[in-house]
Amino acid sequence: MGNYREVQAGSKPLKREYIMVMLWFVGRAIQAAARVDKAVREEFEQLPEGFTFALGVEPHGPYMIVGKNQKGRVKYLGWKTEDQHIDLKLKIKNIEAAVLLFTFQESTAVAFTRNRLIVDGEVPYACATARILDTAEVYLLPKLIARLAVKRYPLWSFRRKYIGRTRIYFRSLLGY
Amino acid sequence: MFMPDNYEFICPVKTNSGNRALEHLSFELEALSARKPLIVTDKNVTRRGLIRKMINAFKDSGVTIGIFDSIPDVPDMQLVTELSNIYRNGEHDAIVALGCGSIVDVAKVVNIAVSYNVRILRDLAGDNLIAHPLGPFVLVPTLTGNGYETSKFAFIEDLTFSSYFLMPDLVIVDSRTVKSESVQTTVATTMVALAHATEAYTGPAKNPLADTYAYAAIQYVKENLITVLKKPRDTEGLLALANAASMAGCAFSNMKPGLVHILGETISAMFHIAPGICMGILLPYGMEYTIQMNGYHAYDVLLPLSSFDEYAGTAENLKAGKAVNIMYEMQQDLYTVTGGKIPRTLEEANIPKYMVNDIAEKVFKDGAKEFGVDDYRMVLEHAWEGKPLSWV
Amino acid sequence: MYLPGYYEFYSRVKMIAGHDALEKIPGALSDLHAKKPLIVTDKGVCHAGLIDIVTDAIKNSVTIGAIADDVPQDSDLQIVNRLATLYRENGCDSLIAVGGGSVMDTAKGINIVVSENTDDLMKFSGAGRLKRALKPLIVIPTTAGTGSEATLVAVIADHKRQRKMLFVSYFLVPDAAILDSRMTLSLHPVMTASTAMDALCHAIEAYTCLAKNPLSDSCALAAINLISGNLLKVMRNPGDKDGRLAMATGATLAGMAFSNSMVGMVHTLGHSVGSVCGAPHGMAMSLLLPYGLEYNMHKVDRFIAELLLPLAGSEIFTWTPKHLRAERVIEYVRQLNQGLHEATDGRHARFFKELLDRDGSPMVSKEKLSDIARAALGDGSLFYNPEELDYDDFLMVLEHAWEGVPLDRSRIKKG
């Protein structure tokens, strides 16, 4: 019986911190993009009133939540999923899969197709959300890295790309 | 394409393979309604740091795991009873076998014991006597298998259990757990996969479903074994070989054992040589032998053994011969790349010539009556000498 | 053989196939500890005499709980609930589905309701909502086919609320699939053609899309080989038992392939055309297939090229130079559609303009293309397509597929 033992595996604090930071940036960037970018605005307009979605890691988070308020404004709603009504939850199965996604070793599309995450909600909403996420990443990341994250790097006008990016960075950091 | 008039096929094994596959384990266990797995393994695996990797894979999942790390090479029923008690007392609800060979046998038999009752275990030995699904069983193989890991078989002491319920619910092939331990084990594991897959693909019970597993297995072995031996750190190659081993077991479970398997297992038991090494020697001779047999399909294995171009460009009546030649070449390459460590003939494997007759008679006496004693003897004689049959 | 960085593959369905596979059903039921099945089917299958063949094969050893033969053309929530009640009233303990995709989906839906003892199927829609095994389900396909006998999905329409519910779970995969050549002997040539092309699409998309893996690839190659090698044979001679068994096997293999590797833009657009214009599934797939291959060519040409061998055979493969093989595949598919068009007296459409309903009116009008493109944006198969598609891309492909002209590849935005 000395050959048997029980083990509680513990956690991965550094990786969790990294994911928390990335999720925070992405959430705030989506909030900003909804104001700055026409395509993202239109995607949100197609989604139902009060639509809220979350992206995060199972089983204990971290998460980021973004939703439309009654006035239709898109807001980053923090990380507490317990108190929120959430229409669509994109659950990454484990912290390692989240690290692969947020270090761009696997693009969003590849993460979906490799079953790294579960879609808890309606599929058409997941499609719209993935497009919104992609756009936010194109704004946030330099082309070299964004190309790893999205399936097709878009051809944007100078104005959209550089001025839009500056505005989104400002808004993400300042939170409006 | 060959279509049999009737066939049956089942493979209840899920495969997760690749980068960071191990970290999916807690999610997959949850899907099997399991929250407290018992990991069984041996000291060799532990020594190689794989237990640490397993534990790390559970980090952040909140799951408590039990670890038993001393499965011996030749386990007995006492161990099964001991582990069943550990399983029940620890309130475990799944078994995870980390490793191959006897680790997997023990895991499977313990699974029967805890799903039924350890006291009636002996009554369940035999063919298809297990009538209900067992508890969750996950396999995390290393590259040291004997070909039975994903199969429907389990062996302990003098008992053989055979049931589809023994096949793992899930196989996790992770790049970190399938490193090459030694030339011998890598070749043995791979060649048993090649032999089983080839016999499934070319034998009388050939069907399109078993072919899907066999085809992929044969291709992976052909494309990766020699390169992995030249470059032992080739992660993708190792992953491919481990996939082949897993797939071959699935195909094999749907077939009756073939000539190469029967002869290989007998020689292995009699002379204590790894079954894969024996089957590796016998494979081209066994294949050549079946070219003349009705109901065999040696010609078809040219496709996974070569390329679309070569297969499509070869006349029908030349396909079988070409396939066999590729196998002989592979044997020669194995010998060369390993500096002569892998025998090409039974003579090189230090089997005395006068034993050939005894082997043939033993095989026939043990019940393998698909072929006659003379047939077994002929194949063995040619495999001893290293002389292709080329239709005698 | 291609090895992806990570993949998952699972195909748990037991296959029992042959010219007298139905007679093995009692054994299969007994292995599953089932005694009293509810048989679920539709009127078409009944009128073709297929239910009689099934019941004759099993009635001496199995107590049939009840036979429900009123499943409509596409599976519906009301029917699922009603048949679940029938199941309970007759003390059934298992299900046997005899039919095509919608019968099989209905049976899967009934299985959820009776196994979870629920009155609200909606609760289980989506992915991963089922947590444990359902009641035994045996499936006997009568087309070759949708492949639903091997898949983990079910689509049930809620006509009252005008929506389609999608269920995805490994627990939905049937316990056994019975492929008996008798079940497709009387399949009408138009249906033979469109269901075969549906299966071919499944296999080709599984082989070229992003979740491609060695086992689904093996299944796909075998499926394409069997379907391509036998389709025109069974069109010419519908009573060819060997040919029918080969087609059935091919369709199931295609189902196994795409159940694991999913599908891409051909299905994205095909589903949308189906939901907006009611176009029949198989036909929409077959005419969109060459366009999907043209659109994705710059990303997956090497995979498309490999398909020439199982599709066209050794001779054409050997005589086609390597760098021309992928294009030859597209040409071959167009030729196949042309052959089927002729063999069905024009009923198998080669492009949307000539897709007509029973009264001879066009089913897909040019005005509807923008609605179809918009609907396509919400279809999950989009994730799996090798190249990205936005509204403009969808519209472009649809316009070409409507007109029947090859895709103008200079208009593809490459990622």
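Observations on the structure shown:
Order as written gives the chain letters A, B and C; numbering starts at 1 within each chain.
By definition in this document, contacts are C-beta pairs under 8 Å (C-beta built on N, C-alpha and C of every residue); 3 or more make two chains touch, one makes a residue touch a chain.
Since the model is a prediction, treat every value here as computed from it, not as a measurement.
Listed by label, the chains touching subunit A and subunit C alike are B. C-beta contact counts were set side by side for A-B and B-C; B-C has more. Here the chain at the heart of the structure, going by C-alpha means, is C. The greatest centre-to-centre gap from subunit B, using C-alpha centroids, is found for A.
Centre-to-centre spacing of subunit B and subunit C amounts to 33 Å, using the average Cα coordinate of each chain. Subunit A and subunit B have Cα centroids lying 43 Å from one another. Residue positions 114 of subunit A are each in touch with at least two other chains.
Shared interface positions of subunit C, defined as residues touching 2 or more other chains, are 4-8, 128. For subunit B, residues touching at least two other chains, in rising order: 18-20.
Residue ranges of subunit B in contact with subunit A, taken from their complex: 18-20, 23-24, 26-27, 55-70, 82, 86, 90.
Interface residues of subunit A, counted against subunit C in their complex, comprise 106, 109-110, 112-116, 118-124, 126-128, 130, 150-153, 155. Against subunit A, the residues of subunit C that register as touching in their complex are 4-8, 126-128, 166, 209-211, 262, 377-380, 382-384, 387-388, 413-415.
Partner subunit C is touched in their complex by these residues of subunit B: 1, 3, 5-21, 31, 33, 131-133, 207-209, 211-213, 215-216, 219-220, 223, 236, 239-240, 243, 247, 308-309, 311-313. On subunit A, the positions that touch subunit B within their shared complex are 1, 3-12, 15-16, 57-60, 93-97, 100, 114.
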